[in-house]
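Each structure below appears as structure tokens.
What follows is chain A paired twice: with chain B in the first complex and chain C in the second.
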Partner chain A sequence: MDIVTILTVAVRHAGPVLLVAMGGLLASRVNIFNLALEGFMLIGAFSSIVGAFYTGNVWLGVLFGVLASTLMIIIYAVFIIELEVQPVVCAISIITLASGLTRYLLNPVFGVSGRYVLSSELAMPVVHMNWLEAIPVAGQILNNHSLLVYFALVLPFVLAFVINKTKYGLDIRAVGMNEEAAVSAGIHVRKVKYSALMINGILCGLGGAELALSVYMFNVGMTNGRGYTALAAITLAGCNPLLSLITCLLFGFAESLVVSLSGVGFSSYLLGMLPYALALVAAVAPQVARRCIHFIKRKKSETEMISEYYRN
Partner chain B sequence: MKRKLKKTLAMMLAFVLLASAVSGCGSKSGGESEKHRIAFVSYQAFDSSEWLQNLTKGLKQYEEENENVEIKCIEALAVDQYETKVRACCEEGFDIIITTYSDMADATIAAAADYPDIKFGILQGEMENIADYSNIADFHLNRTETAFIQGCAAALMTKTGKVGFVGGSDSGGINEILAGYQQGIAYIDNGTEDVVTYCNSFTDPTIGKEYALQLIAGGCDVIFGAAGGSGTGCAQAAEEQGVMYAACDVHYTDAAPNAEIGSAMNYFENMVIAFIDDTIHDNYQGGTSREYGIAQGAAGYEFADNDLAPQDIQDQVMAVSEKIAAGEIEIASEPLHK
Partner chain C sequence: MRNRKVINSVLAIMIAFIMGGLMVLLSGDSPLETYSVLLKGSFGSLNALKNTIRYSIPVVLLAYSFSVCNQCGYFNISHESQMYSASLAIVMVSELTQGWPSWLRLILMMAAACMASIAACMIPAAAKFGLGVSEVVVGVMMNYLMAYLTKHMIAFSFIAQPGSSSIMSLPVSESVGAVSITVSTVVIILLYQFVMKKTIPGYRLSVVGRNPLFANASGLPSMRIMLSSAVVGGLLTGICAIGEMLGYYHIIYSDFAVDIGFNGMTAALLGAQNAIGMLLGSLLLGALKSGSVLLTVVTSVPAELVDCVKGFVMFFATVTFIRSDVWMRKGGK
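And then the complex of A and B:
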């Protein structure tokens, strides 16, 4: 497989993860460590298939997925904000509930177990842009993705703007840094937390819908750890939207690389390790680089000082 | 307000607990000495896959047909539940307890040691030192036979001379299927090449689809998926790209109505029922491992309900199936290459 295909697949893979990661990032920014991203994504994936099945329209399916996942996150929010339940404990129950509920509901809704495949007319359409063809490599990589993938690619920039340049972003940062100080500054903390979580829910729903509708089927547990990957990506990036974009794309690239390297004799154990090894490198590399730069700078200033001293 | 809400929630929780306790009591039945009480403990949820659904359906039917049998199906979905639930079954007074997969082997061994009078069976236990345990019988499905037939079908159907394999994981069970598949291809001996990949997941159709697309781009025109839910993605890729799909365990005609050649079907229910039947008719063989295959009705090859495979190929393939059932073909369980 050539590099263009690898990168195209990487972008396709990163899309849903990116959407979910951006949601989790907002929650993290208001000091809620949302471990349940996986659960909300799964709910979104399942509901989008149900919605598409009943309405016969992909976009209504997406809407349905978003609504269900938002509804779920409101329940989560009520528990952790009003009832002061430990977010991680609540998250675990949400994940359990999501995996059990989606598995169970397959039977009453579709009358099947394990999986349900929609007709191929209900697949998420891909957007083909003629003008992109003119650009040699990047054009090919960025062409023929679904609308939600493009939205995912633009989203980090929007979020970076919102968080850093708007009043709402300031509120979010204030709540995240010091809640009490935010209260005394007259910020409606509860409202900010609810709104951030609701956006998180919407994005998880979109991520799930993209995942499920791009293959127009639901399979039990089909998110397969993507919620955790998203969480890892934003944690690696220190909750910075633009850095998260890079880490998500890195994860997508690693997955895609594994696919392209399979079938030519590499051990599948080694290949399975690759994304995590890459993540580890990505986590450690900036620190190492920073240390190196620091070291070099210190050496330089020391020699400068010494030479200065002798000159005098 | 907050307090009231907490109180209500606490009361609701208490009510749910009470209700579950009451319903638990209800299922206890009076002890008739003639009746065989059998517990089937699954490590996967019954509604999570088709084979388990078929299995529970089969067991229920068997229970209805035989008055002296009572079967209870129980889920133990986490490692910490395995031993607790198996022991609970022992305490409940079940005579025969069937556990599932090597995952539950340790729990079964631990419980069996304390209850020597109960007959234990483990489905796909893959236990190495089974002879050490006189009240555990391991019974497992022979997947190599149907995979062998699938290999024959793939080799006969391919036009490019290159076929692919997508496994759910690089592990014993999947590699047995791979072994059968590769030997089936070699048996036809028409120069067909095979490419092996593992997608490292049984529940991810998205990644399964990417693996299949990669194989198809590499010139494979038959994809054999032994990857559960990930296989659905492979089937979809085959359908969209106009190549063929070889299925495993169940039919994948929902995802590949025109692309599926056929499926290496497994009938777990027949195997479990055969085991129960043997056991209640005093033919229990503790400390041994038994294999069920085509000859015992626990596996079989079925062509998909479409016109993909021409009649002469179907005949050829079914002839191989008969040969295997008659024990004329020896199949090794080690893959030729990975």
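And then the complex of A and C:
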């Protein structure tokens, strides 16, 4: 149980959360607080296992997961954009539906209830890079992950570039800041929203696929709140892609601590609370900090005003 | 307006059942047979009917709890954590008051359960109204945290049952009869309706719910009223937990509240937050639950079908199929 192992596992755990978080970030950049990430991720995880089972190929499984999750998010988008359903209500119902569907479909598809384990040949392959071995610690931590984890680690940089430097990113930022102004500037708001949500769906599918296929099994409620955790991570990072990378790695670290410390004899139930407690703090902390800063600023300006008054 | 809501809910249920039927058909069973078994298992005999009512009662209470909070703009989805904390409080009080007179213990247990549930309900509400954090994220995190804390308590603390194969708490010896639970639920619902429709606090609550800014401007303490709606929501969940723990379970099992979690919200949405609608919505969910027992016995269709149908019901209940604005224009003034 050395620190290098813990950090390696942390990167592996951070992968799926990072993918989903980046999707949620894009959605919240166009003013859609996508609470249903959890549901899309669950659908992605289940469908990727189904796809891998029927085709016998991991990557076709991933494709299947992405397609299912994207299809689901298109329905979600139509519901909240066209039919004007309350987003929170729609999100919760998507999560309930995803959990019910996966719970039920597990029986007719695989003939089992609760969990299904694929044969280990269908595990997500890991990439071994020889040149990384030369670097002492970081090389070890970053080596031997699946392709999707590497993609997840690069993604925040790509998104930061797309959002800040491209025309599409400008459109996204404009829609997020002020929809009416964006309309008057000739931006197709609906198109931007749909496309951002589609990318969100693809990323959720990838996140779910990585989660399920890296351990080549699906069990009911496998996402276990990771969708909400991802939301908490982007809330803490203030929707900045690069800061989100750090917060997601932090969550990965918490999860890997749970895995490694419970082997040493700590109560696994109390340890299990750690990621959720961290997410709770992450969701609340920015607001508390904002209040504190606001309060201090006001006090400061008040004292300045008073001293100014007496000086005159 | 009311007619449209009724049609909406009925449409949602019908589409949900059709989708569920398609699922059954795709997996190679007969949907008609499945649904007739479900119906028989929920309303076919006196015993089945009793079971349906037994499973509907907690859903009704949770639906009201959701509805009262939702009126003030607080999306109360931490029912699970409230149930866990209330039942933990019940078992703890029961352990600490061994040998006391029975009536005193019952009162103490109920009070503790309500207090614990209200406390759990207030945390997301405080985060929402005090800090402006999304109460859904906080509430869901609370659900996971309380589930783990409960597991820890029933595995390693003074309320853990030693020597059992799976983790569970020590049993509570006091109990409440099924009849008194049913009667008190009916009384609570009537009381709630009376308070909401005919008294000043109820009126204030609905004013704040309609428009908090207006309520603030006309001098109502809207923050205090919003928080008190969360207190009422927590209280109703606490009562639900009392009924479940002292009426049926008597022991805390791991994950016993997971099934209940979102049911209250589904029933409230289905009933369009209207008194009779919510009752019927809860009855539907209770019937699904009690029918699922027979389903696994008689047919090869797994009981998880019920989860699936529940998901579809909730999903379609969110949509307004008949758009009010379109009707307004056509009915035209």
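One rule holds for everything that comes next: the second predicted complex is superposed on the first by the 263 of 312 C-alpha atoms of A that agree within 3 Å, B and C clash if a C-alpha of one lies under 4 Å from a C-alpha of the other, contacts with A are read in each partner's own complex, and residues count from 1 in each chain.
Methods note: a contact is a pair of C-beta atoms (placed from the backbone, for glycine too) under 8 Å apart; a residue touches a chain by one contact, two chains touch by 3 or more.
Note that this is a predicted model, so its numbers are computed, not measured.
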A:Val162 touches, of chain B and chain C: first, second, both or neither? neither
Contacts of A:Val288 with chain B and chain C, given as first, second, both or neither: second
Which of chain B and chain C A:Leu60 touches, first, second, both or neither: neither
Touching partner for A:Phe33 - first (chain B), second (chain C), both, neither: second
Partner chain in contact with A:Glu255 - chain B first, chain C second, else both or neither: first
Chain B versus chain C as contact partner of A:Ser113, first or second or both or neither: both
Touched partner set for A:Leu97, first chain B, second chain C, both or neither: second
Touching partner for A:Gly263 - first (chain B), second (chain C), both, neither: first
Partner chain in contact with A:Leu280 - chain B first, chain C second, else both or neither: second
Residues of chain A that lie at the interface with chain B and also at the interface with chain C: 83, 100, 103-104, 106-107, 113, 224, 267, 269, 272
Chain B-touching residues of chain A, taken from the complex the two chains share: 1, 5, 9, 13, 82-83, 100, 103-104, 106-107, 112-117, 120, 211, 214-217, 219-222, 224, 255-256, 259-260, 262-263, 265, 267-269, 271-272
Residue ranges of chain B touching chain A (in the complex, touch as defined): 2, 5-6, 9, 45, 47-50, 52-53, 164, 169-170, 195-201, 203-207, 209-211, 214-215, 217-218, 229, 232-233, 236, 239-240, 254-255, 338
Residues of chain A that touch chain C when the two form their complex: 33, 35, 79, 83, 85-86, 88-94, 96-101, 103-108, 113, 224-225, 228, 231-232, 235, 267, 269-270, 272-273, 276-277, 279-280, 283-284, 287-288, 291
Touching residues on chain C, where the partner in the complex is chain A: 23, 26-28, 75, 77, 127, 131-134, 136-138, 140-142, 144-145, 148-149, 151-152, 155-156, 262, 265-266, 269, 302, 304-305, 307-312, 314-315, 317-320
